[in-house]
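Structures given as structure tokens follow.
Two complexes come next, and they have one chain in common, chain A, joined by chain B in the first and chain C in the second.
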Partner chain A sequence: MFLHILKYELKNGLRTKDLMIWLILFPIALGICFKIAFGSIYDKTEKFSSIPVAIVEENENEAFRQVINSIESSEEPFLKASFVTREKAEKLLDDGEVEGIIFSGDELSLTVKEKGLRETMLKFFTEQFTVRERIISDAIKTSPEKAQEVIAALTENTESSCRDIPVTQGNPDLYIQYFYNLIAMVALFGCNTGVHITIQNQADLSALGARNNCSPAHKSVSILACLAGSFIMQTFCMILCVSFVAFILKVDFGDRLLLVYPAAILGGILGVSFGFFVGSLARVGEKAKTAIVTSAAMLMCFCSGLMMANMKLFIAEKMPWFNNINPAALISDCFYCLNIYEDYGRFISKLINIAVITVIFIFLGFISSRRKKYASV
Partner chain B sequence: MENTVVRIKDLVKRYGDLIALDHFELEIKDGEIFGLLGPNGSGKTTTINCLLSLLSFDKGDIEIFGKKMTPVSYDIKKEIGVIMQNVAVFDELTVYENIDYFCGLYISDKAKRRQYVEEAIKFVGLEDFRKFYPKKLSGGLLRRLNIACGIAHKPKLIILDEPTVAVDPQSRNRILEGIQELNRNGATVIYTSHYMEEVEQICTRIAIMDKGRKVAEGTKDELKRMIKNTETITIEILELPGKVLGEVAGLPHIYDADYVDGRLVLSCSGGKHNLTRVLDVLHKHELGFGRVYTELPTLNDVFLEITGKALRDKED
Partner chain C sequence: MQVFKAMFKIVKKRLPSAMVYIIVFVTISVLVTNASSKDNQFKASRMEISVFDHDDTPESRALTEYLGKNNDIVEIEDDKDKIIDALYYKKLNYALIINEGYAEKLKAGETADLFGNYHLDECFSTVYIGQFLNEYTSSIKAYLAMGKTSDEAIALAEEALSVQTEVNMLRVDKGGNSHYSVDFAGYFQYMPYVLISVILAVVCQVLVTMNKKDIRYRTNCSCIKNSKYTAQLFIGSGLFVLAVWLLLIAVGAVLNEEMYTGRAWYAVLNSLIFSVIVAAMAVFIASFDPKDNVLSLITQITGLGMSFFCGIFIPMDVLSDGVLSVARFMPAYWYIRANNMIADIEAFDKDKIFQCYAMQLAFIAAFVTLTLLVRRIRYSGASIGTAVKKAAVS
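Showing the complex of A and B:
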């Protein structure tokens, strides 16, 4: 009986166009939109390129020249310096070929044409150099014996504050967060198949539900078969979604892509269970149930930052507990933890959270659906 | 009784202040085509839903095949075929798959099921539509599919709740003939409808319902014998003086006489040659007349006389 119902649940589900549109085509379209919209912004704003700067040496400053040479010889230099005359430097700045002019004399000074992130970085660099140069020269004047110690300390400090610390091979930027949320949204859209389970099995919701309740199939068997069918379909959609994002859109999930799949699949199962739970609770019609569950899923996605990336941070500040029970936030956090943290502790903790909430939803859904007679049909 | 298939005792179902079933009682014997006849809202579908243990009720007992019917009476459910008022099929499954799905809830043997499904398809005449999806079927064909899904597993008791609503005459006749054939093959049938012609045509016994109560029960002849009217005579006549109308109304066995819009309508109770006597009066007064016809009482007359209202609205 179980396999018979499961077989037809799968056949019916896979042929349901609405489900396929929302679970496959819509995420693909949205993923492409994200890629087009945020991919270019990311390339422009997030990917760092060297800042072109003109340097005018008014007095010879050997230390400054050494620092510049040292920066330019690094693997990813943040400065691209041109030692030129004042006139040439001003022309380059006017033409927009450099972001600023550093005048190297007794003291460093900076001239910029506009205000922006790169100009601020140049300002920070010149200020830092001036401060450190002064500390070292003061140390040489007052305690020459400790000068070497001071230089070593400043150098160490510089290295520790600038060093890139790769915790994983992942991609911890805001841009990729949109794709985590997209996968979370697909997972939560499974709620529609979850609602469908209750509609198909409750006599007061549909003619099909009434008809099924007249059959000798045990209700628990019927519900379990439908749940299994929905889980399988949702799993298929999640695998497709993650593969599309990873291999077609080429979004970098780091070196843990294989762990993204089980997390996405578990998220999908949570989505189906959520729909099943809400569907079995609300004493309203089929359309109203679908509307309620879809709205709830969208609201949860909104709170997890799908539409506004800062929303999750806002919730984390004002209602931190909500992110621990919001399925959308849990699913996207799961991916985030996987990508950001080297150890698996947080990732596993999020997975356990998802699993526990899934079990609770299924259990409560069962309790609510096992009602055998209805007050009205 | 040994051959009682369904027994409903003192059934009461309330929806808030509304009493949907008011101490309703029913007994259906093996081999019957039992009709539940009543206007919309009379409680027919509520009775069926209580019978199938879909609906909770406030009071009463229901037994099917001599056993108490409960939601977990799976052994009883196995012997029941249900055709709901609203078509209950999967939109994304073909005709064959839909019938196979529902048959599979009752029959686990695949070979046997395949044979049953084919027989059901043939029975309802959907041989040319087995790969069609329900959306592609006309209303009549969809109803036939609904029936096939309900009877494919060869149940002993078949419950049909208004199966011919919004069905074309051709499909309706096919459905009614099919129900009689199922009955001839040994199934007991419960048939609800507000179409009295259908109930008269196929049912061996009928219960008339109104406001959740059973107002009459019996064979169609027994029901018709319950009422005063045995014959209605209608004569089209251009002009009828009041004096003549009074004379006609005073004839033996005529208990009601009306002359409206050029039609003289006479209700008779028993007696023979009522028409001859009326025509003799008209000849005597040298009154010409047009069409003359007599009608035997219908179930609508039975309902009208018992409840004081028509069984269904004219637009039905």
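Showing the complex of A and C:
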């Protein structure tokens, strides 16, 4: 009996268009959108690259020119300078070709278009030049015999005073959070399949439910078979989703991609169980059930950062316990842990959390769908 | 006016889901408006830095204090996982460790290995703070070389480092004289997403419902003239679109705490044209009679797709050229171009703005033509004949 119902559940699932649309087509479309939007944003705005700058020489300033030349000849130049006229420079700045214009006259001044970190760095750079000039003139004034030593102290400093302690080998791009949450969203959308199971087994909600209820098959067997069928379909959707994100969109999950799959599949099973639980608990119609679970799933995804990437950290500060029970946050955290942390401790604890919540949902779902009798339908 | 009345009965049913978009949009706008400032003075970015002072000498404390002047010092537990989280989510830009022996090394004129930093990636903020630390220590070293004591050297170095370069903004009157502030630009930038979501969700649904086979046949055999029926549909949809648009414009004025003046009117006109585009798009989509689930998929994909492709959710200059050249084929691209010019993100140019309007009008014309074409084909005598035959056979 179990296998028979399982077979029909799978057939049924394959023919449900909603499933195709929301679990396969919609994530693919959204994933493409995310890729377009966030694919290059990290490289363009966060990751360090030379800052293009236009330099307008109002007076001859040999020292400044030398500094620029020596910076440009270094291995990883901080600036990419072009010496141009004022009009040309303003055009370049307006078109976004350069981040700022440095006017080198008796004093340096800076013109920028936006207020951001790169502009601040340009400001600091021009100040740096002025500071050094000032220190050297201080030295010449107060102790000219030591001026040479002072200049040496300022310029010979090739070694950085700061040593980097790398903390991770993973992908530091914050924007891949959106893809983690996309996968979490697909997992939680499995709740619709979960709701479907309960509708098929409640006589007052569908003709199929009425028929199932008067069939001699044991209810627990039929529900178990339906659950198993849904798990199989959800697993398929999760594998498809992760593969699409990893291989077609080429999102970098760090070097443990193989472990991403089980985490995603477990997340999908959690999604189905969540739908099953809510479906059997709420004694309302099909539309209301779907609306409840879908909005709950979206709300969870929102809290885990599907719409705003740093939402999860915000919640971690205000109510850290919520991230440990919010399914969407748990699922996306699994991917994050695999990417960033070297050890598996946190990853495993997240997986255990997911498993425990899944078991609770299934258990409660079974309890509340037991012993439902219908006097008349 | 039966058709008209019937339409609004259906609108009423769909309204709650549409209102969700409007309410969320307005709430977010309110939050954002309060956060941003209207002036256009340059302000240096402040970094979020956490300092783990393993040296704990007057010299190291002086550094921490000096860092705190231009940056925000964040207190965070010395736990590697928490630091990684904070760095990853950009809650922290730099995690600095002042190594033990900092003061002594500095006095001896050594600048190598004074600090350590938890390093996640090579981004602008790490480079910036790294440069700052180098400059700070080498300035102190220079003053020490002049024969100053370390206290004097620190004081003099800090004084020298406090020079400020004059920074000018390229267009100083951004928002100020043009009567189109940065807030307004943001509000109008996100508006297309709401317009698409609300209008498609409601108008399409209503038209599809009115066009259901049974209802259409019933209407067709009633005594109401076909032209009257169409006219009422148009008036009804038009009124709804106008109402949504007026509501958003009114909310915009309230949020900005002033009536639209000067350049802002360009933006108002821009959004009106865009609303009409969305309405035309809704009629076009509805003429295919999509099913409920397909319709909501189309709504989501059009709304989100255009928002991501055309620079509604993220600024246009972050998008790659390839994406932007695809985006040219979508109306929102021209809306955003115009909005960017009005907001002075691109240079303000009246002719170019009108070009953008013209492009959007062209989209309206295209949608109307396509709709007529589709209706012509779908509802022509021949195709209905085939449908009837098919029905008869089955």
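Note that the second predicted complex is superposed on the first by the 253 of 377 C-alpha atoms of A that agree within 3 Å, B and C clash if a C-alpha of one lies under 4 Å from a C-alpha of the other, contacts with A are read in each partner's own complex, and residues count from 1 in each chain.
As a working rule, a contact is a pair of C-beta atoms (placed from the backbone, for glycine too) under 8 Å apart; a residue touches a chain by one contact, two chains touch by 3 or more.
Small disclaimer: the values here were computed from a predicted structure and weren't measured.
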Handout entry: Touching partner for A:112 - first (chain B), second (chain C), both, neither
Key = second
Problem - First (chain B), second (chain C), both or neither touched by A:11 - result: first
Exercise for the section: Quick one: classify A:142 as touching chain B (first), chain C (second), both or neither. Expected result: second
Handout entry: Which of chain B and chain C A:78 touches, first, second, both or neither
Key = second
Handout entry: Between chain B and chain C, more extensive residue contact with chain A
Key = C
Practice task
Classify the contacts of A:318 with the two partner chains as first (chain B alone), second (chain C alone), both, or neither.
Solution key: neither
Practice task
Pick one for A:210: touches chain B only (first), chain C only (second), both, or neither.
Solution key: first
Practice task
Could you say whether A:150 touches chain B, chain C, both of them, or neither, answering first, second, both or neither?
Solution key: second
Practice task
Provide the residue numbers of chain B that touch chain A in the complex, in ascending order.
Solution key: 15, 49, 52-56, 70-72, 74-75, 77-78, 80, 82, 84, 86-90, 92-93, 97, 101-102, 104-106, 108, 149
Exercise for the section: Going by the contact rule at the top, pick out the chain A residues touching chain C in the complex. Expected result: 17-18, 21-22, 25-26, 29-30, 33-34, 36-41, 44-48, 78, 90, 93-94, 96, 107-113, 115-121, 123-128, 130-131, 134-135, 138-139, 142-143, 146, 149-150, 152-154, 157, 159-168, 172, 174, 309-310, 312-313, 316, 336, 340-341, 346
Practice task
Could you please specify the touching residues of chain C with respect to chain A in the complex?
Solution key: 42-45, 80-81, 83-91, 96-97, 109, 111-128, 130-135, 137-139, 141-147, 156, 160-161, 163-171, 293-294, 297, 300-301, 304-305, 307-309, 313-314, 317-320, 323, 346-347
Problem - Touching residues on chain A, where the partner in the complex is chain B - result: 1, 4-5, 8, 11-13, 15-16, 203, 206-208, 210-218, 372-377
